Amino acid sequence: MEQKNLKDLLMEVAAGRADVTDAMDKINNSGFAELDFAKVDLAREKRNGYPEVIYGEGKTAEQIVGIMQVMTQNKLNILGTRISKEKFEIIKESNKNAIYFEKARCVTVTNHEIPTTESYVAIVTAGTSDMDVAEEAAITAETYGNKVERVYDVGVAGISRLFNRLDVIQGAKVVIVIAGMEGALASVVGGLIDSPLIAVPTSVGYGTSFGGVTPLLTMLNSCASGITVVNIDNGFGAGYSASMMNHL
Amino acid sequence: MEQKNLKDLLMEVAAGRADVTDAMDKINNSGFAELDFAKVDLAREKRNGYPEVIYGEGKTAEQIVGIMQVMTQNKLNILGTRISKEKFEIIKESNKNAIYFEKARCVTVTNHEIPTTESYVAIVTAGTSDMDVAEEAAITAETYGNKVERVYDVGVAGISRLFNRLDVIQGAKVVIVIAGMEGALASVVGGLIDSPLIAVPTSVGYGTSFGGVTPLLTMLNSCASGITVVNIDNGFGAGYSASMMNHL
Amino acid sequence: MEQKNLKDLLMEVAAGRADVTDAMDKINNSGFAELDFAKVDLAREKRNGYPEVIYGEGKTAEQIVGIMQVMTQNKLNILGTRISKEKFEIIKESNKNAIYFEKARCVTVTNHEIPTTESYVAIVTAGTSDMDVAEEAAITAETYGNKVERVYDVGVAGISRLFNRLDVIQGAKVVIVIAGMEGALASVVGGLIDSPLIAVPTSVGYGTSFGGVTPLLTMLNSCASGITVVNIDNGFGAGYSASMMNHL
Amino acid sequence: MEQKNLKDLLMEVAAGRADVTDAMDKINNSGFAELDFAKVDLAREKRNGYPEVIYGEGKTAEQIVGIMQVMTQNKLNILGTRISKEKFEIIKESNKNAIYFEKARCVTVTNHEIPTTESYVAIVTAGTSDMDVAEEAAITAETYGNKVERVYDVGVAGISRLFNRLDVIQGAKVVIVIAGMEGALASVVGGLIDSPLIAVPTSVGYGTSFGGVTPLLTMLNSCASGITVVNIDNGFGAGYSASMMNHL
Amino acid sequence: MEQKNLKDLLMEVAAGRADVTDAMDKINNSGFAELDFAKVDLAREKRNGYPEVIYGEGKTAEQIVGIMQVMTQNKLNILGTRISKEKFEIIKESNKNAIYFEKARCVTVTNHEIPTTESYVAIVTAGTSDMDVAEEAAITAETYGNKVERVYDVGVAGISRLFNRLDVIQGAKVVIVIAGMEGALASVVGGLIDSPLIAVPTSVGYGTSFGGVTPLLTMLNSCASGITVVNIDNGFGAGYSASMMNHL
Amino acid sequence: MEQKNLKDLLMEVAAGRADVTDAMDKINNSGFAELDFAKVDLAREKRNGYPEVIYGEGKTAEQIVGIMQVMTQNKLNILGTRISKEKFEIIKESNKNAIYFEKARCVTVTNHEIPTTESYVAIVTAGTSDMDVAEEAAITAETYGNKVERVYDVGVAGISRLFNRLDVIQGAKVVIVIAGMEGALASVVGGLIDSPLIAVPTSVGYGTSFGGVTPLLTMLNSCASGITVVNIDNGFGAGYSASMMNHL
Amino acid sequence: MEQKNLKDLLMEVAAGRADVTDAMDKINNSGFAELDFAKVDLAREKRNGYPEVIYGEGKTAEQIVGIMQVMTQNKLNILGTRISKEKFEIIKESNKNAIYFEKARCVTVTNHEIPTTESYVAIVTAGTSDMDVAEEAAITAETYGNKVERVYDVGVAGISRLFNRLDVIQGAKVVIVIAGMEGALASVVGGLIDSPLIAVPTSVGYGTSFGGVTPLLTMLNSCASGITVVNIDNGFGAGYSASMMNHL
Amino acid sequence: MEQKNLKDLLMEVAAGRADVTDAMDKINNSGFAELDFAKVDLAREKRNGYPEVIYGEGKTAEQIVGIMQVMTQNKLNILGTRISKEKFEIIKESNKNAIYFEKARCVTVTNHEIPTTESYVAIVTAGTSDMDVAEEAAITAETYGNKVERVYDVGVAGISRLFNRLDVIQGAKVVIVIAGMEGALASVVGGLIDSPLIAVPTSVGYGTSFGGVTPLLTMLNSCASGITVVNIDNGFGAGYSASMMNHL
């Protein structure tokens, strides 16, 4: 609880204007809905700026539907990630407004409109195979009201493709670079821009790419400054952080 | 080279106002100074917003002095990291304005003043032993004109210490969380704020902390959103990225 | 063999009251039943306080049925873990009293009643996906006569959910914390209680969670004291150890 | 804050018997002392049953002295771990009552007497070289009021040594097993007792013992039940958890 | 852009013989074709000596067809790797000239003839199971105009098989050695020849071969000189580099 | 070629009794049969004491049949390992004398009888799930003429089962110990016998057993002497080495 | 205790010829001497064929002296490994008969003569730097009465050196191969002999040799049969096992 | 032995022109000199094109001197690597012609002149700290008669430095790229050239660079083709292979 609010609340209690039980609830900050299988965090938008996101992996379609109902009742916008097409078929029956983004494997429901930013997030990929992760990042950022520019398949093996699109990248407020294999693109882009760069390693590759560990290490050790990194294939995390930065 | 500048330059050439050799140099963008042992990147401030930083590890004091001379001649502000006290003793002889920050192991020279931000970066550590990395981050951010608030030793073993300082953390435009051992602090702080969080794992710990790998993994897998991560003990990187974000 | 018993036995032999062959058997302590494919350890309850547990992975339904017959003949209570629904269909044909717990993937047969403790074990999970491992722990503890309180989905991303249930957790004699991803919940709970905490990492997560290695490392390096750790996804082991502690 | 206390406090505020500022402090639970370099957690004994422990690694003797002063002023018993003899020489000048345990590298100050348990903790080691870790566990347990029995150098290469001391081990309320190299002793002891076993891997060994990773893995995968594990060389953690269990 | 060409171009501009927009395009070096899902690098043959290769993994048959069309239009020879038989069935419908190599999982289209070298590349394998990787290397090298000699199944367990074929190996201009399991063959061959050796570890093996990591490490640490290494199972890379060397 | 034979051969040549081409062949020692897909090492029995073994993984049934034909023509006894039941169905059509061992996944053909040893190899397993690997070892040893004693399911969790069979183990000329999970059985047996012990880690286990890496490390670091180790699940290798030792 | 002895003992007790207390001692098999810091296993020679070995690492010279006194009193031959020259200077003052082997870092005391075998152990190394480990193996084997032949510096980079000494290697009853870097020598030798081969990886190498992990993996995955492996740099273990085999 | 020479030799024997003992020696190919501590491989220049190289690590100055004497007697050129300045002080006393290269830590003795190539090897480094490894590569290549061009400190953080020197790199017959940290430079250069590229990872970096493992993985997974890789810090290996290729 924020200190100012706490003080106000206690003064209300002291003045007899607030009930002790209500005050306890508020201090306990129990802003969540209790389902059989989950405690939906309704206060997250207030606390973090964004409502709770539904991570679909390991949840049944029914569980997802249940959480979506609670969120819709609370007029929260919904973003569900890592949701298969099969699950979405079940979900959309009870959520007519739900939209599915197949490449991104995301579901969204707009329960209230939010404005779009003037500034944009550039999402840059090394290869065609990184596109799914890139779309997860793009849909996340767009859902949170960000303008997005996609610059795909500009890996360093043919670096002129990158230079050709450099203006778009340099014009962004935040840049996301997504790459598998050796992940060198992050360093090269990082050396050419003056805005924050979020690097996303992908599990694209074979042998010693070790399911994305190699580009992760590459990105953590970049000789270029201004690069921060998220988990392997974590397009959502990159889009989320980019949105935070783009709204600063 | 930016597309607009390239166009202008070519039109100058076409108009006979620019010399072909000069144009070649500009297109080659040779904005660096060649020393025996290094090519100092003088164009970096223009390109990245910040001048080249001198990474002191693996360089002799003499090499550092040489690079500092070139930068001073070009009126660039200087930040040197990972510089031991012994090296600084030699450096300061030829750089009277150089200042040494012992805990941070940083050297700075102010060759032109830069303004300080209104908004601030909060730097939060789990324990006393994380302080050196925190100071590297703090000095970096301050050198680049950021106001910094330090919130040290608020690890989750005594979580009330953290809640007591939560207002300062929640008021920041950007938050850096620095922790060794299991690094859980990043997730807890990440769940309580609505601004970007840069997590820095440190090599503090023993046994299975594996020199910082454990908190790194913790931070990459955080259940809280909005967290991006830098290399182990990379206080500089965190301060640099935080500065980029704080200036957005 | 305990020293006192050995002395008594030898004095019986010396006094001619005990037969040499019988004495050999007792000293060899051959308290097991020999099947074609297994040696069932019938003395384990006496030695360890609990009868042998049937680990179902890598055993056929027929082998499990065989072991259960021997145990039932010896009036031992039965707990089988990691048993699929398919195997249970076969098992229950010859074991009418066998009960199946689907989420926990456990089978139990009560061959003699045991009392339930007054004190309870609290089982705390970070997320919905950790529930299967939690149920394995819960069924194990309940089978061994422990009262269990379940506190599920209280991960640190929405820490108020945890604080809301803190009274239940602080009231337990033993606490089990189960978490995947970064596993930070163990440290946070550990800092808030004065009873032993058994931490169970789960394989929930992706990328650098490395199938549960990341939360395992987190838990081993916790800055909070009083935490001990078991193998990844080892709900049974946690429930077993918790039962031992709850019965102290 | 416990729910009952919170309710009482709010009723005091409502009744006008408590001051708003005081109530804020209590809710914020600011039970710590702020030093330049640390926030000493004075509420930990109340919360966790034991006062904060001073982890000596990475702290200067002066910092340790400072923390000890605050704790002594608050009449808290002191346990410092991983403190070198050199640091102790400085510490004892301002702490005449401080006692140093050289093998355990621990410092203790008794600021109030605590009773010793009837039941005991057995500490069992595989070899002579595991003794330092064992002593850290033993001093920790003794400092917290536990009777301790030491059973050292009974590794499985000469298993008769173990059987010879089995009565002592089986009579303990809690058993700590400490082993390096392959760490097999934990499994063997675990198969012979009916009390909780805390296993501590040590960094004793060479080559593929990987600084204690091998016995750690051995202990996590033990075929015997009832074993929980702590970090490599973490004698303190084992002694602390054993004390918690022995006091149940 | 090459310096000489840049100079010429700028002089054309200065002389008014070249248009500014055209010059911009040339300097930007936009030698690629933009598809929906890919940017095909048409300048690669000029830059690297070989046209872009289509890496089939993670691309749909339709995407591969699209890229092949662009390349055929540009009269580039085509090599596609890691293409399953199923995908080829679709590909060949619109590419009558496409040839499929099943063991190598490669597709080729000859859009212009290239001469074959006099000197040859020897491809040596340790076992029968390494043959698929070997064929990928062989087809790659042959597609690029190299004569290839195959020496298969001559692993060190029966070293006389190797000595029997030594003349063929010693007569090669470049040697590729392909081995899984422990990969010792590379060192043995390396000690017997005076030409460059490219070593390819394969994922053949089990247990601690770790999917090819073991032969990779073996090859990187070879006591014989003149050995360089490529990624696990990277037959293409070995064939490509061998072709470069064979054409020197 | 053995020095004595070389000398003899050269003297034959010098004396004109041997042909130069024949001598070349003999020196080249080309004792192998060349198939399309393999070079069958016919000289191995002479060189190593045992004929070449057919490792079935990664070979088609047809390839196995081809190698078996060559070996039968050369009157060599045949052992094929890692051969699935499906492949055997094809194999037996052209090899009426082939026998299949299902648990061991081995095929044998006896083309000439060999005598059985008086002394025996004891094969000891920790659990029921280690039986497949044990049978691979047993069939290998028996095929090579060794008497084998099986002592299965005597893991250290119920150590009395082991002591009950200790006489059989101590009477063996060579002992093979096979264990997954933590693999402690090897150390315990190693401490109780005076004959060579070959330890085989198995991939039985979950979580941090890492597919057999944990018992492998345990066995390599055993505090008991006289233990040597083979690859994970390598029952064949253990049986082969045990046969070598049993025939000494 | 062996079953036959146990039966005899019990019959003695039953007949009144043996005392109960004596029988207890014998059954407990307390064949060790209790020192302050160690329990010396005096029964090991009887049980394992060799007396306990003193592993010097982590023991003080005084502790080693103490153990040697007990062993000398019991007329046991002494072998101490990993003993520095500094420790030996202290040891020899109270052990006039102690001999030091500097390269091997071993100490021996002959308290009774043992015969030397006719058959020999061949110890083969890849390079000059593997010699220390080789000498540890050689001294161990010689101390236990084995004839040893040293074949040093015959690594596969110059394989003719190996072939030149092949007669000596092929004539051995047991072969030890010691190699660092990539460890390929073990496979090559293994393919050429018909006696058991013990492979010892050494920590010789740099970069990706990872302190001996690379040759260890090489040796575990050898395509040649009949190879078993010991821990990195474990010359003692190889010598010990070789002695066991040479005495079969 | 080459087949042609073998045939000739045997025909000499058959004709009575060659002695049997001499023939044996030649077939055994005993082209090495036996020292106490080493077998110097004198035939290597004939076999591999280059004489044996003295790897200085783990050899005493005296051993190095001994090997140099044998090589000088055989008129072989000498290259010693990883030789400290201290060792060189001793070496030069008995080798007046020995030259020491301090950065490269190499010693050379020219016992016969060799010609220098027209074509050159370009050695490219990312940073100043990679220079020692680069010099080892350069001295190796120069010793073997190659012209070398050094292009140092052109890492991708300031990519214009690289483009500025691109002509030199593109003009080389072979390119060596040396980089630590994330090693991205190899991919960028690889995408811009049409000659073979040898990549050398260095141990420059901290945290997750893991002593060079990160750039090694980067280089093995490069999206650019034509790159082969050597061990971490293996400047010698790169220079050696480059020389082989440059002489093709």
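Order of writing sets the labels: A, B, C, D, E, F, G and H. Residues in every chain begin at 1.
Assume a residue touches a chain if its C-beta (ideal position, glycine included) is under 8 Å from a C-beta of that chain, and two chains touch if they have at least 3 such contacts.
Which chain is which protein? Per UniProt: A, B, C, D, E, F, G, H = Phosphoribosylaminoimidazole carboxylase catalytic subunit.
Since the model is a prediction, treat every value here as computed from it, not as a measurement.
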Check: Tell me, which chains sit next to both subunit B and subunit D?
Finding: A, C
Item checked: Partner chains that subunit D and subunit G have in common -> C, F
Item checked: Centre-of-Cα separation between subunit H and subunit D, whole angstrom -> 54
Check: For subunit A and subunit B, what's the span in angstrom between their mean Cα positions?
Finding: 25
Item checked: Set of subunit B residues in contact with two or more other chains -> 3, 28, 157-158, 191-192, 207-208, 213, 216, 220-221, 225, 231
Note to self: If I apply the definition of touch given earlier, which pairs of chains qualify?
What the structure shows: A-B, A-C, A-D, A-E, A-H, B-C, B-D, B-E, B-H, C-D, C-F, C-G, D-F, D-G, E-F, E-G, E-H, F-G, F-H, G-H
Check: Across the complex, what residues on subunit B touch subunit C?
Finding: 126-127, 155-159, 181-184, 187-188, 190-192, 205, 207-210, 213-215, 217-225
Checklist line | subunit H to subunit F touching residues, read off their complex | finding: 3, 6-7, 10-11, 13-14, 16, 20, 23-24, 27-28
Notebook entry, point to check: Residues of subunit A touching subunit B in their complex?
Noted result: 2-3, 47-50, 53, 166-167, 170, 173-174, 191-196, 198, 216, 220-221, 225-231, 236-237, 240-241, 244-246, 248
Margin query: Which stretch or stretches of subunit H touch subunit G in the complex?
Written below: 28-32, 37-39, 41, 43-44, 52, 57-59, 63, 203, 211-213, 216, 231-234
Margin query: Quick check on the complex: what are the subunit D residues that touch subunit G?
Written below: 128-129, 131, 152-154, 157-158, 160-161, 163-164, 204, 206-209
